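What follows is a pair of complexes built around subunit A, which joins subunit B in one and subunit C in the other.
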Partner chain A sequence: MSPLAKGTVAAAFDGLGPVEQVRGNRIRLTTTPGQVRDALTKALRELACDHVIQISAADNGKTFDLIYHLTGPHRTVVAIAVELPRDRPEISTVSDLLPPAGIYERQIHDLLGIVFAGHPGLKRIILNEDWPEGEYPLRKDWKPDPSKFYGGVREGAQ
Partner chain B sequence: MSLSQRLVNWARLKSPWITIFNSGACNACDIEAIATLTPRFDIERFGILSKGSPRHADILIITGPVTRKQALRLRNVYEQMPEPKYVIAMGACGASGGVFKGLYHVVDSVDEVVPVDLYIGGCPPRPDEIIDGVVKCLRCSRRTSPAAGRSGGGRRSVPPRRPSQRRRPQR
Partner chain C sequence: MAEVVVPIGPQHPALKEPVNFKVVADGEVIVRLELDVSYNHRGIEKAAEARDFVRVVPLLERVCGICSHSHTTVFVKGIEEAMKVDVPPRAQAIRTIVAELERMHSHLLWLGVAAHEIGFNTLFMWTWRDREAVQDMLEEITGNRVNYGINEVGGVRRDLKPAVINAALARLPLLEQRIATYADMASRERTMLMRFQGVGKLTKQQALDLGAVGPTARASGVDYDVRNDDPYLSYPDVPWKVVTDDHGDVFGRTLVRVGELREGLGIVRHCLENLPGGPITTKAPRAAPRAEVLSRYEAPRGELVHFIRTNNTDKVERLDIRTPTLANWTSVAVSLVGQNLADIPVIVAAIDPCLSCTSRITVVDREARRTRTMDWEELRAHGIRFYREKEGS
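Then we have the complex of A and B:
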């Protein structure tokens, strides 16, 4: 299969947001959190993107950047980028459309506190089991609270 | 020391069995520790054998800083080892935290979790240095009679965390 052209991707993602060719074989769609499931469904059905490389998440200080990197037999990386507000970081899950995305969503939920609504098991995966709830260490404004116990071995405990 | 005790002590010093525990290292120390077991360095001439289970081992080699997730598991592994037991913390991370010092997911030092007898510096330490460390650890076990134990016959107590160690990770 030959690589995807920017025009093909833009036609498939028509009405969802701007499409740009960020690098040789990387094409990025910037969309809104509400349309991410539509964009992913279109990528799956029309662009044959059956493989999620990863979901990258970053805290840029103002918002959370979430980028779904997808690829398929055409070997073109199709990225779907969304921005989430800091005060309400919530987005609907895509783990039912693309099951391998579920584990990335758990990881992002663990480290950045982004809620993926509809995820079947948004449990702890990276941090230790006794890590306090509501602390997200990869947020830029996170500071350890000296009065809290962050895991390890407690005094006197065996 | 009675003859039987001396005999047991002699036998122990002739064949220290080690077990390697990765407590969150970057794997470089593990590679060097595995390289130590290869015929090139031939540690079996010192009777050093690597055992898969901590229940068979005399010396626990800890590679790396202790992550918060591994801390209780490391404590469990340590407690499964029979007395007398010795702990070697390996690498710059085991000795001081290394590049991971102060991060949110590591505890402040290895001896907060288990008592450490010997630190081997280096990033990673060469196999010769690991052999040197194990042999020096034997010297420290020669000084103490295993039958008497180092804490007066009983189990070695795990040190309580010192007040100075009650620091939280700093960004």
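Then we have the complex of A and C:
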């Protein structure tokens, strides 16, 4: 299967947002959180994407970026990028459309505190079980609170 | 018979690294399994944000002890893309040689571990002895047996002298012969056939649906290999082919890995014989411009991804690592269902899990499709009820 052309991807994602070709085999759609499931369904059905490479998550200081990287037999990396507001970082889950995404969503939830609505079990997976609630270490404004206990062995404990 | 929960790990004689399995079994048959691999979380992604590009490379080398070269190569490759630096061909070839030697020592190690899991310790001793030859080559080429320290942003840190090239080439014929022996054994040896065939079956559709990567996916007929799909280093210039198999079980995964040993040896030989001349490094700028790179790499265990964001400084703004073991756990949870308890070690070993890599971020999959969900309290209540009934009180 030959690589996807930018035009093909733009046609499939028509009405969802701007499409750009970052380099040779990287094509990226920027869309809104509300349309992410639409975009993903189109990528799976119309662009034959069958493998999720990664859901990259980053804190850019003002908002949270989520980028879903997909590929398929055409070997082109199709990325779907959305921005989530800091005060209400919530987006609907895609784990029902793409089962491997479930793990990645839990990981992002644990480290950045983004809520994936409709996820069947958004429980702690990365951080240790005694890590305090509501502390998201990969947020840029996160600082360890000296009065809190972050797990492991307590200093001075008998 | 009622179901029982069998906890295994995090410290257990059958496991090489800390992981906790809660296996729900009905008699000898596995019904469901939960994993907890958070025991090795070290916060490396956060630590990487605080170090400049010179000092972050040794840190990333230590994400994993087996695929240390994978983590540094995928990172420097991404930074070089962000900086728009062209790496000299000689450096690319040296990185390719180390990468393939790393794949070979990793696959030989895996073959030994798999043999050990089925109680075939003779094969375990043989493969680990032959792995020493690969380690010796790595030591001669890079100066180290593990954590090679060969990569830097812009090139490699050590050149290959003719004496080293000749010594490495001289070691290859014996290794080639040993690999041929293992290929023959993997497809004919009775113990291996009995324990590997039909165990941990994963169809092509399942492998795709569950996002399996690397030899696990390629043994189910999925021909994804980043070296071919998104070419990097010297792979486009070297003759080699993607190894796939259609068996989909541990037997298939063994054949794929043995095939990759052979291909890896061919790549190493080609690169050593046709090593381009010229410098081994270019002067890279201290800082990287604002950029965002998704750097992909075919590590021994499968596709490794570093998502890198730079912001005009000499540090990364964000480094998001997705390791192959993370992608493969979902498929393990599914391929274990319906199998015998006794097959757990070999099925888990078949994806070649690397927990240091993975639990830097981690995993569990309680939502894997086709597995029934039951929370911990329910299980506990169930266990208590089961034993009450059994004891007749």
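Brief remarks follow.
The criterion applied here is as follows: the second predicted complex is superposed on the first by the 154 of 158 C-alpha atoms of A that agree within 3 Å, B and C clash if a C-alpha of one lies under 4 Å from a C-alpha of the other, contacts with A are read in each partner's own complex, and residues count from 1 in each chain.
Quick note on the criterion: a residue touches a chain if its C-beta (ideal position, glycine included) is under 8 Å from a C-beta of that chain, and two chains touch if they have at least 3 such contacts.
Just so you know, these numbers come straight off a predicted model, no measurement behind them.
Greater residue coverage of subunit A by touch, when subunit B is weighed against subunit C, goes to C.
Look at A:150: by the touch rule set out above, it reaches subunit B but stays clear of subunit C.
Look at A:77: by the touch rule set out above, it reaches subunit C but stays clear of subunit B. When the two structures are aligned on the shared chain, A:134 is found in touch with neither subunit B nor subunit C. In the superposition on chain A, A:7 makes contact with neither subunit B nor subunit C. Once the two complexes are laid over each other on the shared chain, residue contacts for A:51 go to subunit C alone; subunit B is not touched. In the superposition on chain A, A:120 makes contact with subunit C only, not with subunit B. When the shared chain is aligned, subunit C comes close enough to touch A:104, but subunit B does not. Overlap of the subunit B and subunit C interfaces on subunit A: residues 127-129, 137. Contact residues of subunit B toward subunit A in the complex are 66-69, 71-72, 75, 79, 104-105, 107, 112-113, 158, 160-161, 168-171. Within the complex, the subunit A residues that touch subunit B are 127-131, 137, 142-146, 148, 150-153, 155-156, 158.
Within the complex formed with subunit A, the residues of subunit C that make contact are 36, 38, 41, 43, 45-46, 208-211, 224, 229-230, 294, 296, 303, 305, 307, 309, 317-318, 320, 322, 326-327, 329-330, 359, 361-369, 373. Per the touch definition, subunit A reaches subunit C in the complex via residues 25-26, 50-54, 56-60, 67, 69, 71, 75, 77, 79, 95, 98-100, 102-104, 106-107, 111, 120-121, 123, 125-129, 137-138.
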